[in-house]
Amino acid sequence: MTVERLADWLANTNPGFFILFAALFVPFARSNIVRALLLVGGPAVALVALINADGLSLNLSTLKILGYELVLYRPDSLSFVFGLAFIIASALVGIYSLHRRDAMQDSTAMLYAGAAVSAVFVGDLISLFIMWELTAIASVFQVLAPRSQDSVRAAMRYLVFQISSGLLVLAGVCMFVSATGQTQFALIAPSMAGLPVGVMDIAAPGAVLILAGFGIKAAFPMVHNWLQDAYPKTTETGAVVLSAFTTKLAVYALARYFAGLEWLIWIGAIMTVFPVFFAVIENDLRKVLAYSLNNQVGFMVCAVGIGTQLAVNGAAAHAFAHIMYKALLFMSMGAVLYRTGTTKATDLGGLHRTMPWTTLFCLVGAASISALPFFSGFVAKSMVMSASYADPALFVVWIMLLFASAGVLEHSGIKIPYFAFFGHDSGKRPQEAPFNMLMAMGLAAALCILIGVSPGWLYRFLPYEQVAREYLASDLWTAPHVLQQLQLLVFAMLAFMLLQWRKLYPAEAPGLILDVEWLWRRGWPMLTSALSAPMRQLGRWAGGQAGLINGMVGGLARQAFAPNGWASAKVPFSVTAVCSLAILGLVLAIALFR
Amino acid sequence: MNGGELLILLALTLPLFAAAMIYAVGRMPDVRETLTLVACIGLAIVAISIFVRVGQGDPPALTVAEPLPGLAIAFRVEPLGALFAVMASVLWGVNSLFSIGYMRGRREARQTRFYICFALAMFGVMGIAFAANLFTLFLFYEALTFVTYPLVTHAGTPAARRAGRVYLVTLVGASVLLFLPGIIGVQSMAGSTTFTPGGLLNGRVDAAAGSVLLLLLVFGAAKAALMPLHGWLPSAMVAPAPVSALLHAVAVVKAGVFAVLKVSAYIFGPDLISTLPAATWILWMAAGSIVIASLVALTKDDLKTRLAWSTVSQLAYVTSAAMLPMASGLVAGGLHMVFHAVAKITLFMCAGAIYVATGANRVSEIGGLGRRMPWVFVAFLAASFAIVGLPPMAAMWSKFLLITASFGSGEWFTAAALIASSLLSLVFLMPVAFRALFSPAGDGAGGEFVRPGGTPVTSLVALCVTAAACVVLFVAVEPLADYLAPIAAVSFMETAP
Amino acid sequence: MTAPVLEASFALNVALLLMLVVLAAAVVWTRSLLAAILLMSVYSLVSATWLMVMDAPDVAFTEAVVGAGISTIVALGAILLTRGEAVRVSWKRQVVPGLLAGLVGGLLIYAMSGLPDFGDPASPANSHVGRAYLETAKRDIGAPNVVTAVLGSYRGFDTLGETVVILAACIGVALMLGFGPRATLAPPAGAPGDHHVVLRVTAKMLVPLIILFALYVQFHGDLGAGGGFQAGVIAAVAIILHALVFGLRETTAAIPPQAARAVAALGVVVYAGVGIVCIVNGGGFLDYDHLLTPQIEAMIPAGLLGDPDKPHHWGQYFGILAIELGVLMTVSATMITIFYGFAGRTIDAIAAELRR
Amino acid sequence: MQLEALYVAQPALTAQAPILAIAVPLIGACAAALAPSGRAGWMISVVAAMVSAWMALAVAGEVMREGVILYQLGGFAPPAGIALRVDAMGALIALLIGAVGTLAAVFSGHSLAAEVRPEKHTLFQAGFLLAQAGMVGLVYTGDAFNAFVFLEVSSIGTYALVAAGERRDRRALPAAFNYLIMGTIGATFYVIGVGFLYGATGTLNMADMAARLGTLDQNAAVQAGFAFIVAGLGVKAAMFPLHGWLPGAYAHGPSLISLFLAATATKAAIYLMARFLFEVFPDGAAFGDMFLQWVLAPLGAAAVIVCSLQAVFARELRRMIAFSSVAQVGFIFLGFSLANASGLSAALFYMTAHGLMKAAMFMALGGLAISIGARRLEDFAGVAREAPWTAVAFGIGAASLVGTPLTMGFLAKWQIMEAALAGGRIWIFAVMAAGSVLTLVYVGRIIEVMFFREPAPGAPRAKESPVGVLVPLLILAGLSLWFGIDASLPQQLAQAGAASLFEVRP
């Protein structure tokens, strides 16, 4: 009885809530074992709950607030794949950070993960907004965790972007809700092939605002800097945590609400291309990863924009795979950071001697992101490429994606392992990463390989399972496909070696590379310092207009009525007498002549 | 005398009685403060009983006197007032707890007068909350001004006296020049000033007269600190922190917006408001207030002043809510009144706790302090989130409702101001907690604690309680909103799709 | 002025009024205060003459006694305490007031057009209440002099008020001047008292005569011009004369200032007392018809007051008599008090008081 | 409180009450002048004033029951004889005079000892009673000339009474002189005006005059008479800018006189002006309306603003309050200028309210003057600590002056403002509001100094007023509060009075 009820309860509760709930106890966990139990147990329960979810029944769990129905749990195949990825990532992160004893960071990381998981499973705009903001709030602590002046400032910038995103979503949601009264995505528009994706018409009230909000979180071009700004400033675990959830949540939201929106194709295409240039010259390897993250998300956004069943599958699959291998890459860089204190390419090299396992896992991650066949990237990215290739109108896009693939291969697949673990010997001989890190990396690497070798496992979970199966059966392993990818790989490798050999590889800029970030990092202070004088003026005005009036009127009045002023000088009675005569004359004149 | 009348009478006389008793035992601080706490608890119980009765559809009413025909001192509780009373009385208790620590920690002079004035202020607040007509409201509204004056000038310094003068002149000046004329106008148009569901003036005035009255009444309630009548609020920050906390975040300023809400709901009514051009003008003014005050807050280094400017901005939210030609705006306003109060009192208590422990009152002095005062700054952080309107803080709901109502009534300008102000609040509030908690130690003038042992425990408990309340109310918003629904004659259950 | 006849009285009127204008201008013009006082005295005298010509003997009498008589004495006493000359005032400062006065005066002359012609029998003053008085005074009051009837009975309450005004003035002067150190108005040292022997002898003879005249005026008020006011002033003049000639010490020995004040107050008590007695006897205040109860009337020997069968007005008669007595007391005592107040307040005495 | 149910005296006594209210203080004045000692004079004064007040109360009750009371003096019917004619308006003002007079008389026991030379006490009490009798007479009389006589009765004595303040403040002498000159000008104007009216109508009885004036509003003499009367009464009522006598007289005279005059003197003159404006002169006469609209209202507004400002910047406390009195007269005139029943009713109510609060304020200052001879505002720093009850009573008066709710002053301002709004005179409404704020400013200054400032070191310490002062003081303050909560007594009278003048039923 109780077991049944427990199972029922588990099946009807948003899995994210378990993680959130577990997170609340983390700060109070004194012993390592309890901590480990919480960090891994929370996601584990969530996983159980998710797998137990009884199909796609709607409105499993609703709550009425202020007259709006909040759908707290509404799983379907789209959210399932994202949720699964998030839960796994959350567990990996938990394991990865076990060596640290930072209650704040652990608990907020878990809150963050929980909020992200919850976000993909809630069924309405308001709940989405709440979870959206929760991820923002919880994630900022990852940026703050190093506890330096720098990180505090970066955190503020990060938070401003995240909250702006949330506020745009809020504004859009409010506008949409007030116009349509509808909050549940499942009821907004007819589903595409039985699955509610791309439910929102861009012409709907507030839709543009919502899209902009999603866009910030997805790090659309021009508003992407928070990502490159914040991620490299985190602790070794922080970047791992951050890389897993935020942008992918945005991708999920874009897919859910805006799949098929043509703008997204182009935005995504641009996103894939432009980080390549920065990534190539960037010195800080974690920042390189951040750029590459941007680029990878571009693929997903592009796929969402294409919006066919295959494309949506591709986006979801790529997101899943990406979470794993990007986490793996960040973990390996985190291990390097943890052991050497830096991730600057110029300061590293030759670490494979003492950190073999880390090197191995990093290579798995690099292979995955490079979409080497039999690694997870290949399985996912192919689907996106095929989707874009399928539409002749998108040929240019396909070319762009191809170029970006080469680029990512170059900077993430080759540059990172090469500079960190091989390349010129920096002389550093750090210890191998701690066991918990290795374990997390190992699990992630195993997943990357598992998916790459046996894509059916992942494809099962994809939104359009049937389409995915067909793709697996007929397209994935075809020769041209595999060959094309291998060619790309080989030529990129050759190019890299050639350039390196001829010393033509662009030098890593040792300083800070500012792109549009300039606007925020330099422009904002300039703006504020330019505005501060008028603002202070404004403040003085706003605070002191009472004093101003007081000064003007009071001054005049004081002149007149002060004891020696003209209006209060003692009037001799003769004047009063004359006044009385004058008044008499006045009244007389009025009375007589009117 | 039935139970309802007795309850109202109790709510009014309890603070008075407490004031007298505090005066009597003024020489014994322990007894005095115990007495204050007992009174707080008593008043809270009474207020909650009234709250419950109103919820059961049995609103207490009481008529005390009728100086002139048609001009009665009368009380009649409605949901908004009951909520206001509960909020004020409960927070009085919390704040008293805080005050004990603060005042002792600072070794402040004239503590007996301080507690007496607080009790008297509660008397004013109860009267305002339960008033059955504008005249009665005005009566207690003025009383509140006068009894809080000694609190503003508590320090007795020339600066405090100057601030006190600004306080009095602005508040009473606006009352006399604007509010009272407005009341008289209402009386002469409608023949009474009784708060009537659906709007006393509805159908009795034309757009021009209604607009003038609305302007008079809204700006006359200068406690709502709508620009340009906001100057008193930042300058009143010379007062001790508990005063800023309870009065200038909760009781006094909320009395102002409460008056605005009451006027909107019961004197004009949503139907009339929607036809008045002045409502739109006020909305613009409020939007300006929201943004300008937030911008000014950015430039302030003094923590309490920064918070005060934020209050100016937040109060304009409620004023906006009252002016929206949409019934649900009123509910949003009522909710925001409460949620903001809880958050702002936390912030002020934190500021006080910092000051009492370290003597620091500037944002630039608090870097790294969070390591030694984690609870204070975590509470500060939580309350900051609430001010910005982020989940899981209750203020998110009111802001959400408010923005929805703004869009729903086509006032995108207000919505934009709300959004912008949220972002600005983020920018001026977050760095405070971040710098304290996450900057390396010794960033600012950390130094030794001025008071050995740091923040007094009672103060700490108080601010943690309210910080927690910010979160708890997030979950409890639904019953509160349902409770308030009658004031706007809307039911969320029915009107919402 | 319906008929442009140049009657004698008209010429006289014009002449007297012209004199008044000239006198008034002279008062304004002169800077010597002594001259101004004397000119004002003359002014009063001329206006009394003019009032006489206008057939208003009662008013003329009062004007002569009060305006030309006692106020001159008091004013003279006052200038003893101050400078003899008025301060020069720049003409520029007089322009505006002067213009205003001219303007208002012009308006007033214009307004005169609204008043009825002088002596018009159909004018409201002559046809309404005034006429009623003439018709009913004999019947109601029984007094031959209608003026006295009006003052004493019809408008007795006014007269009470006026008496009280005088008492108030008495109290005022006593309050301001009646206390504090003072030089006695003794003959200057070195001047032997018998130096003024003629004056003394004359004065000794005059004082009783003046008092007698005062009593005549008092009691004859019923029949002709006169009454308590004039009689009081005349009586006071007798006392003042005594003080001037024999020295203040002598006079105050006979009539102490306290006594004078007391008499002034008692005068009002007598007057108001009559009113109260009327009330007690069942009438209204000052309703003299109720002054005498039937019992008292019965005690009056028959025939003493004329034929008891004819309609009689004993109450009115006694009432007017009594109030006139009250007026006499208050007026004379007040005049004496005022005189006492001014007399002897030399500059030295005031300086001494200021030093205190 | 239902005035109709008020029987405070036997019917026989009630019938004579109007004249007794005048005659008793009159005779009392004589008795006081004859009294052997200041103490005896004081007792006579108290008793006479009390009887007068009692009679005024009886009259008020009778008026509410019977309407207008006519009392023929000498048994002659008007217009031949003089008659007292009391309506609700007169009953109200007389009641105010009686009440304030009684309390002032009680108060004088202590204050005179401190302020006036002992040998003058009996005469002082006599003068005081005369002033009171004069004012009641002025209010009750139905005869225009009789009113002049009583105007003089009430004034002549007070000139000297003001001067008696010289023991404490030498400036009382020039102030009294000023007062005398201006008062005389006012009275002269008035009597000239009455002369014009007599010439035009042949009667002095106001009711009769009103009847005969009905057709005479085009007559130049009537118009001139009007001008003289309103100008003369304007001086007496301290209509701006003819108020030059007032600040000095109130500021430098003895406390007793300041308080009594401030509470009653201008009220009586205003009352008389109201009688003429709304009763004697024909309704709707162009000159009357023009005067109200173009002279009285602007001057009232000017008084409110200018004199309030003068009060704001005044340095001496009593002078401040004296300026405030002129400003308050402005408020009352603003009420009058509405020329309707509600405006007049409000103005009457305001007069009562102002009388009570100003009396309380001046009495409190008098109580403080016993212990400290302070003049400047700063000298009163911190007196609230030394003399809490006195300060509180002063504060209540001041609160009423500002128009703080729950005081009579609030209801007074409320009524005038409501009447102004109902009459469509927005600008009057605005001036009222602005004036209230200015009032607040100067009262705020006083309160701040009295209650919140530390006394200067070495300054003389104030002492709590003696019981003899405190009791009447608290009664006055209490009345200001009581009528702020239950205003039915003055309200009924004011409304009935205004209604009878405008011949509408309330």
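Order as written gives the chain letters A, B, C and D; numbering starts at 1 within each chain.
Methods note: a contact is a pair of C-beta atoms (placed from the backbone, for glycine too) under 8 Å apart; a residue touches a chain by one contact, two chains touch by 3 or more.
None of these values were measured; they are calculated from a predicted model.
> Which chain pair shows the largest tally of C-beta contacts?
Most contacting pair of chains: C-D.
> With centres defined by CA atoms only, which chain is the most remote from chain A?
C
> Let me have the rounded angstrom distance from the C-alpha centre of chain C over to the C-alpha centre of chain D, please.
That pair's centroid distance is 31 Å.
> Using CA atom averages as chain centres, what separation in Å is found between chain A and chain C?
Using C-alpha averages as centres, the distance is 108 Å.
> Could you give the separation in Å between the centres of chain B and chain C, each centre being the mean of its C-alpha atoms?
75
> Would you mind pulling out the distance in Å between where the CA atoms of chain A average out and where those of chain D do?
79
> Please list all residues of chain B that touch 2 or more other chains.
169
> Out of chain D, which residues touch more than one other chain, so two or more?
Counting only residues that touch two or more other chains, chain D contributes 220, 223-224.
> Provide the list of chain A residues touching at least two other chains, using ranges where the numbers run on.
Residues 584, 588, 592.
> Looking at the whole structure, which two-chain pairs count as touching?
Taking the chains two at a time, the touching pairs are A-B, A-C, A-D, B-D, C-D.
> How about chain B: which of its residues touch chain A in the complex?
Interface residues on chain B, with respect to chain A: 166, 169-170, 227-228, 230-232, 234-235, 292-293, 295-296, 298-300, 385, 388, 390-392, 396-397, 399-401, 403-408, 415-416, 419, 422-423, 426-427, 430-431, 434-435, 437-440, 443, 477-478, 481, 492-493, 495-497.
> In the complex formed with chain D, which residues of chain A make contact?
Touching chain D: residues 557-558, 560-563, 565, 567-568, 570-571, 573, 575-577, 579-580, 583-584, 586-588, 590-592, 594 of chain A.
> Any idea which chain D residues touch chain B in the complex?
Contacts found on chain D: 402-406, 411, 413-415, 417-418, 421-422, 429-430, 433-434, 436-437, 440-441, 444, 448, 452, 483-487, 491.
> Residue numbers of chain D touching chain A in their complex, please.
177-178, 181-182, 185-186, 189, 220, 223-224, 226-228, 230-231, 234-235, 239, 241-245, 248, 286-287, 290-291, 294-295, 299, 306, 309-310, 312-315
> Show which residues of chain D lie in contact with chain C when the two form their complex.
Within the complex, chain D touches chain C at residues 16, 19, 23, 26-27, 29-31, 33-34, 71-76, 79-82, 117, 119-120, 123-124, 126-127, 130, 133-134, 137, 143, 145-146, 149-150, 152-153, 156-157, 159-161, 163-164, 196, 198-204, 212, 219-224.
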